[in-house]
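Each of the next two complexes has subunit A plus one more chain, namely subunit B in the first and subunit C in the second.
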Partner chain A sequence: MVKPLFPIAVITFKEGIRNRAIYGISILALFMMLINFLICQMVMRDVGKVAMDIALSTVSFTGLLLVFFVGINLMAKDLDKKTIYMVLARPVSRAQYMVGKFFGMVALIVASNLIQGSFAVVSLFILQRMYANYFLRFSWLMFFLALLFIVLMLILLTALSFLFASFSSTSFIVLVLTIVSYIIGNSLSDVKALVEAPQSVGIHPSPITVKIVQAAYYLFPNLSFFDIKTQAANGLAVSLSCVGWTMLYGFAYTAVALSLACFIFSKREFP
Partner chain B sequence: MRRYYPLIIALLFAPVYLLCLSTLGPLRKAEQQSAGYSYTLPGPIAKIATLDYDGLAADYLMLNIQSYYGGTFERTERPRVKEAEWRWMYDVLTVSSDLDPYFFDPYYFANSFFTWDAQMVKETNILLAKGNHFRDWDWLPSFYMGFNEFYFLHDNAKASEYLMQSSKKPGATAILASLATRLAYKASRTEVAIMFLQQTIEGTKDKVEREALEKRLKTLQRIFFLENAVAAYKTKLGTVPGSLKDLIDQGLVKRIPTDPYGGVFFIDKDGVVKTTSDLR
Partner chain C sequence: MITFENVSKRFKEGFTSRKVTALDDLTLSVATGEVFGFLGPNGAGKSTSIKILINLIFPDSGRALIGGQDVGNKDVRRLVGFLPENPYFYDYLTAEELLRFGGQASGMDSAAIKQRTDLLLTKVNLDKARRRPLRTYSKGMVQRAGLAMALIHDPQVVILDEPMSGLDPLGRKMVGDIIIELKQAGKTVFFSSHILSDVERFCDRAGIIVGGKLRSVESLDTMMASGATLENVFLAEVDKAGQKEVD
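After this line comes the complex of A and B, so read on.
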């Protein structure tokens, strides 16, 4: 049952690493880290906060690019180029194929975040030496926790993109659906707060809107749970129970999405 | 020959490109000056629109305001910054602090420039109250609020309340203790302002902001110097000098210092030293 997963994961990982996109993404990350030095020169006081913001946002943004443009293609290419028949002709179930691909993608996300995370560490380390007086509330622990949460968020998003790939015919639709889910997932809790207490900006949402938002709140992943960049940047504490529940939430949503993806994919008819 | 056609076309269009660049740049800049400060997205909406990059957006807005304000130093017209621009800058800083209420720079900027230059003291204290609420470990927001209450709003009771609050937080320096005692003895407002400014300048990294604050400090130090001379005149002759020239005549000062803002120092009928530039 588990045995065929490993080779598929390894192939997926290798394929992803060979993809030129990953070099582009890494160069982008490097570039943004250099910009970090430029911007921090202009900041008046809260240098540590801005440096951490830029470092973490870079890692999260390049991770998103990886999921959107490498991850989705890895899955879609097999379907487009019909190489999936070669895999499915072997004694591998479709669910095994799906899960194997998923783990390959997880390895890719972890590897790329290690690269980008190390860029971030270098830039933060140097900036901390340069502006020691403005890094008083800086905490490496919070930095690595935020990094871990970004990885979890990317893994969840990958599982969701696999779910979309399991039933849609082209990779473009998967891309659009995944991006939309990402946007909804990140703004959902803010939108929900807004439609439930609309006085703050003076809007009047209809009761149907409120119901739709509340329904979406349960359907889409709440990605803002994984966003602790603000806490990390400002050196605020995150409670241990909050960390535990967030990890469990990520794990549960990923498991549900991936299982559904396997189920739908195994029922799918190939032309 | 034919294979050089693309190159020739490229060479032909290169000047057009450069021409457009040199025309469009100033054109857009001129447009921005008229419409640059018009609308600000409300904080809650901005928070949704920036997804999980709200912290980064807060930094961006802050840098935007900083560079906009820095750009006004090149202007020759007076007042240098229009009232609508101050309003806009205040709104943007509010949004920046909505996006990340823990970010210190908007509070710091507001306190450094909205009180002295824009005379938006009440608004500044509203912003600072937010900073004081979220940055509950930080002694500076309540310190700033206390000073504003004392210096601009003349509310000594509230001022000492904020300063007391500030002094209980970690890192509050000795200046607070001496400020509090001076408030009690009704020290000269200029002297307190000098102490306050020295404290603010100490942590300023940005060159433009630092220079602006140092200019203000220098002016206040000169005013304080003249105030001391006026006080000496009072004890010597029992009356208030009619003009600053009287101070020279009495040998209390050698010469009247110049105002770094380009104004002229004078004594009003109550014997208070003022300047025509009003520190702006």
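After this line comes the complex of A and C, so read on.
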């Protein structure tokens, strides 16, 4: 059952890591880390906070580019160009194909984040030496925790894109659905708080709107759980139980999305 | 070795609820060690039949078997090597990596993969290009890499969808030689082709399919017993089926 996953994951990883888009994304990350020095010189206030914020935002942004433009393409090209025929012609089930592909993509996300993360580490390390007084509340532990949460969020988003790819006929639809889910997933928490306590901002949402927002809250992933950039930048601690629950939530949502993707994919035909 | 039992398949036409028949009650058997040519005009149902054998699409009714097992069972594909029409592989992989993937996914060990890779890449004349990314290959080279990929695990049944497509005369001869070699090794070969002379050269039997319906299955000797060419037989069957123009 598990054996065929490895070769599929390996070719997915190789195909992804050799894609020129990866070089572009890495150069962009490097460029943004260099800009970090420039901005910190200009700000000269809360330098530690600004530096951490820019470094983590860069890793998060380039990770999203990877998922949206390399990850989705890796899956969609298999379907568009019928490369999937050569995989499914082997003693490999569709679920094994899906899970193998997913693990290849996870390896790609981890490798890419190691590269972008190391750029961030170098830039923060130098800035810490340059402006030591502004880095008194700086915590490497929080930085690496924020990095881990970015990786988890990207993995969850990948599982969601696989779910969309399991029934969509074009990569464009998968891309649009994944971007929309990302936007909704990041803002849903705030919208739910607003519609559930409308008096605080003086709005009057209809009961149906409240129900729709509440339903969407449980349907879409709450990606704001994974965003601890503000806490990391301000040197605020995150409780161990919060870390545990967030990780559990990420793994559970990913597992459900991927299982659903495998189920739909196993019924799909490839004419 | 290959059996279609009353297989029918219809596809939805665009967004309408109208359905077109791709295969209509196909019943056919190919014996072990036989080289079988599947002939038909474009859209006749050749590729649909092959995709059902590989379980890429599912029959609406009837069933397809390979080695006595339903093609829905993934383990059947250990027995099968498949070359799709106009194959497309991963751009950034090399031929060597492609074959390693094929071998590993078929459950072969590293030593066997290495030995088969060397043998097959030499056979399809890609030995010198084995470490080049597949995106730098010409159409004919991709086709030959696909053939090596289909044969990496030394399958008992080889299914080739238009194997000569995109090949120059040298490439066609090479594929022809491989089919003859497979026949001598006792393998079952099922291939579709538009090129009638190829079917004449390699096949023991041929089937002619038009409009999703199998019109004729005969040994080549029987088909051409009256001195008719395969082309005459083919055109007569297409004409009988009411398809005046073959597109």
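Operating definition for what follows: the second predicted complex is superposed on the first by the 267 of 271 C-alpha atoms of A that agree within 3 Å, B and C clash if a C-alpha of one lies under 4 Å from a C-alpha of the other, contacts with A are read in each partner's own complex, and residues count from 1 in each chain.
Assume a contact is a pair of C-beta atoms (placed from the backbone, for glycine too) under 8 Å apart; a residue touches a chain by one contact, two chains touch by 3 or more.
Nothing here was measured: the structure is a model prediction, and the numbers come from that model.
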Contacts of A:11 with subunit B and subunit C, given as first, second, both or neither: second
Partner chain in contact with A:172 - subunit B first, subunit C second, else both or neither: neither
Subunit B versus subunit C as contact partner of A:270, first or second or both or neither: second
Greater subunit A contact set [subunit C / subunit B]: B
Which superposed partner A:134 touches (first subunit B, second subunit C, both, neither): first
Which superposed partner A:23 touches (first subunit B, second subunit C, both, neither): neither
Partner chain(s) touched by A:91 [first = subunit B, second = subunit C, both, neither]: second
Partner chain in contact with A:194 - subunit B first, subunit C second, else both or neither: first
Subunit B versus subunit C as contact partner of A:230, first or second or both or neither: first
Subunit B versus subunit C as contact partner of A:183, first or second or both or neither: first
Residues on subunit A engaged by subunit B in the complex (per definition of touch): 39, 42-47, 49-50, 53-54, 57, 60-61, 131, 133-134, 137, 182-183, 186-187, 190-191, 194, 200-201, 223-224, 226-227, 229-230, 233-234, 236
For the subunit A and subunit C complex, residues of the former touching the latter: 3-4, 6-8, 10-11, 14-15, 18-19, 81-83, 85-93, 269-271
Touching residues on subunit C, where the partner in the complex is subunit A: 11, 48, 51, 54-58, 74-78, 80-82, 84, 87-93, 97, 100-102, 104-107, 133, 146, 149-150
List of subunit B residues in touch with subunit A within their complex: 42, 44-45, 47-49, 51-56, 58-59, 62-63, 66-67, 100, 102-105, 108-109, 137, 203-206, 209
